[in-house]
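Heads up, the next two complexes both have chain A, just with different partners, chain B and then chain C.
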Partner chain A sequence: MKPKTLNSKRELALELLKPGDDSKLLTSLNSCVRCGLCADSCMFYKALKEAKFIPSAKVDLVSSLYRRYYTTTGKIAPKLFGAKELDDKMEESMIDLLFGACTMCGRCVKHCSIGVDIPYVVRRGREMLAVMNMVPQSLQSTVDAAINTGNNMAIPEDEFVDTIKWMEEELIDEMGDENARIPLNEFDKEVFYTLNPREPKFFPLSISAIAKVFYAAGESWTLSSKFYDVTNYGFFNGNKVEAAQIAGYLYDEIKNLRGKRLILGECGHGSRAHRWEGPNYLKKSYDFDNITVVELIGEYIRSGRIKLDKSLVNEKHTIHDPCNLVRNGGLMKEVRFVVESSVSDITEMTPYGEDNFCCGGGGGALAMSEYNDRRLKIGEIKANQIKATGAKIVITPCHNCVDQLLQINHTYKLGVTIKTIAEVVADALVISK
Partner chain B sequence: MKWFNYLAIFTAAICITVFLYRLFYLLSLGLPKDLSKETGSVNRGIIYSFTGAMSPMEKESAYLHLPTYTAGMLYHLGIFSSLLFFVWVIVTKFVNVTLPSFVTTAIAIFLVITSLAGFSILIKRVVSKELRYLSFADDYISNFLTTISLAATALYIFVPGSEAIYFVTMALLFTWMPLGKTRHLLYFFFARVHLGFFYGRRGAWPTVKKS
Partner chain C sequence: MAKLEIDGRVFDVDGDGFLSEPGIWNSEVAALIAKADGIETLNDKHWSVIKIIRDNFEANGNAPMIRKICQETGLKLREIYELFPLGPARGACKIAGLPKPDGCV
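Moving on, here comes the complex of A and B:
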């Protein structure tokens, strides 16, 4: 049985489509001509071959509501103008297609014959569902964990500190230097570094890899034991209040520790959410540097703060471009500069860079277990891309992508190793004693 | 002038007024307010959005669908030509000027070709299961009205006696344009500006080719 407040929730959701002063929304809702040429740019359509997965169909879910409730023609002649009611059936379709069949990778945008910002419309649809408390529970619980504990995996602080201390001991042993450190909660450091909680939970060696890079660069840096989570699933669940709260955790913590530069760890959506969306969520410009670790490592290489010997790493590599760092973040050149400085044998996927396919784990898909089968099915496109390169190592500067690639590796028996950029840079480091 | 001349001029005036209202409204809203620190260039992004990013070599919607892309380009060139020709026809109602016959014949032949292109797009929408799924009445009406306006323009050039058909067809098109998806005539340009703004300020556009 539906709650009594259903209609008022629907009204609140529909308010989000009110044209108001949002030129981009108004434009996006009125631009699509339903030519269907975006179909082949979407991995969901390519893998599943159903018309409902065509990006234009996803846009139409939202724009049909706009027409029904905010245009005279849609109110007078809804069938003629494809205007639809927000009812139970529509809500089901929106949940299934806007949450379960779009990673908001933006590949369709570049190839759209008009240039409709499709993920922008999808995100607005997700915001509508969030207002109606219709975010898939699995995704919402990830956001709740971040809100309540400071990190999306709800890792207790003492467990995190133990992991960091363990990694610090490893670093001391590897470097043979008692002064090698992984600093926690230190004040006035140049770099305030952030992690994807998957690192302390499942991939602690990636922490020791970046610590090794910082050690080699002689960086003044720190982690926070409480607010280190670079992810922001509020970017995906459509709840801007929660997204702002999560962005605020890092903002407040760098202020608290008086850090000079917020360095975003290897996480595509997290980097985007803090670098590009964070100031808008918090409605203020940041008065500190806010860049990704890929750019920071690039700085180290250019300035000679770290020395790399790419002959140390001889296997064939390929790069998976995270959508939010490359297509939507402009880091295509920087990612290649760092990787090409670290390894000698690289074969690009086809396509790559801003045309690259999403791994399939974006848009919160990894958190939404109800769509696991669909996620792994669309991952076949990435699996085939990787296979075609003949690479043994896939490099990607995103821990969410790492997770999806690991599952693809297992499912499609690729037999590859997945590494982050910090890991390949650490492997190529030349450290003078 | 006859009643159908007045009808077409009246509907064109209404159409232009609605589009101008929307144009100024969108312009008044300006570009999005973005507080993040720009690393690229919005201006370069917007210029690229209208140039390099529109190249058929950059868009799968073009190079994976060359027959449809070609038909679409011809169709849109035909639409702009027929709209310009309409302006010319109205001008000739007030000013005694004429175009050389070889020019009007060339325009007519071009419009026949472009109306066939428009018709082929309409057929594709009817035949394709995927496109039928995406379509509703507006899609068929918009395509049909625009296509017959091209054909009616060509007919009017070849057979001046079909003037009434031509003007009534144009009046129907002008009436529909602000209502149907044909309104993308205006929103297309704003969509490109928004893309250029988004990708430009992040330094993603203009795109970088690997050296």
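Moving on, here comes the complex of A and C:
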């Protein structure tokens, strides 16, 4: 049974499934047997209890297309082999489930009996939707802002500079030292630092916190006033050309300012997109250090460049592990080393670390208003985890998680405070003068 | 398009509860949105923040930087976060009738 003739956009989308040199994709598409072990690993299925939310069902959307267009059995007897056409109904399901019901947190991968990289398949599905211009508008708008202005909140450069100067004045005041600076556009610095635009726009306390840490460490550092945005929503919208353009902004700017180390601010997906995907997007290896600020702070503590007194804050803390830094980024121990050096009372969530639940706002979900209801419903799982710890302060090294946690704090009346790692480290600093 | 019903009034909103038509906003609408978010009464400090956000939106089409809000109201950052527990974006901008800002908010 021959597939129906396709329009050119659908043809382009299906090209992305064509068997070629992507053995990872082919292995994943061919090996999921829909055993369903992944079901209980997924927040969407756990919270909403519909079969369509099971991770293997999301994989099946993509693999059924692969079978229909690229396997002999699927071409001859589609019904028998679970092969499906790329039609309006399929597109609708793909948008709804691959954009609207997956934070690409990767918890399912850890629970898959054969290790299928489910978010990788979801990402390919999103790439297919991207070539068909079917990215949810709210998500695309965040990417467009980054492409057109250099930052995802379209902050004009002069307003960014005013904010940094404002934070600098406060820092000079607090430290009582004219040398407590937040340098802008300086050349040949050891550290080229990056921010999530929500920091200068709405939540600048984390900027003053990290500036305080750099001051205590005597770091030689700078921010760029043009390209400081650590996020890369091109990682989520499935458009690799746009992802590469955004990654290129930071790459070109660190070269321009001749910075020695690219230090990725507290942003889960941004760290992943620049550190692990950046060289792939740009097809070149980076000849500068490309690490997260959590690791940099870890260096300071180990080498004695900063001194911390963890008895300064006595409240009960817990840690929320951002998926892209911990499960998918290998920072579980480093996050704990830094937090345990800064606060004394920590109770872990159950589960935590590599098996931790997503905040519920990952994968671009926070930007996609279309799926707000689902995002808050799955957030209840995280809310219950936090409640069970009895903690008053939740620490997380990701601004996207911070925002989702703020919302579930409000929705589920948790009564907690959310802090970044820079903030808890800054609060524990012992600065000798 | 979603609907938000507060005290018998129905508004068209996006999935996050931001007004779909910022033009229908007035102080009564602000008070209703605030109520839906758990702020029973808007005090003078709330209003000073809301006014700056709204004026900036009408002049420039976007939300002001938090620096501008702090400097023009004379409020401290932490006060603003206390006044609007959902933060300046999901809290204050929503009450001021703006569309949801892009990015991680």
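Here are some notes:
Convention: the second predicted complex is superposed on the first by the 427 of 433 C-alpha atoms of A that agree within 3 Å, B and C clash if a C-alpha of one lies under 4 Å from a C-alpha of the other, contacts with A are read in each partner's own complex, and residues count from 1 in each chain.
Here, a residue touches a chain if its C-beta (ideal position, glycine included) is under 8 Å from a C-beta of that chain, and two chains touch if they have at least 3 such contacts.
For clarity, every value in this text was computed on a predicted model and none was experimentally measured.
Contact with chain B, but none with chain C, is seen for A:Ser41 once the two complexes are overlaid on the shared chain. In the superposition on chain A, A:Glu159 makes contact with chain C only, not with chain B. By the touch criterion stated above, A:Glu242 is placed in contact with neither chain B nor chain C. Looking at the shared chain after the overlay, A:Asp403 reaches chain C, while chain B stays out of its contact range. When the two complexes are overlaid on their common chain A, residue A:Asp321 makes contact with neither chain B nor chain C. Against chain A, in their complex, chain B makes its touches with residues 26, 29-37, 39-40, 49, 53, 58-62, 64-65, 68-69, 72, 128-131, 133-139, 141, 179-181, 183-184, 187-188, 190-192, 194-195, 198-199, 202-204, 207-208, 210.
Across the complex, chain C meets chain A through its residues 14-18, 37-38, 62-63, 65-68, 71, 77, 85-90, 100-105. Residues of chain A touching chain C in their complex: 138, 141-142, 145, 152-155, 159, 162-163, 166, 196-198, 200-205, 231, 267, 366-373, 399-400, 403, 406-407, 409-410.
Residues 21-24, 26-28, 30-41, 51-52, 54, 56-57, 60, 73, 79-82, 109-117, 275-280, 283-286, 290, 326-330, 332-333, 336, 348, 353-354 of chain A are the ones touching chain B in the complex.
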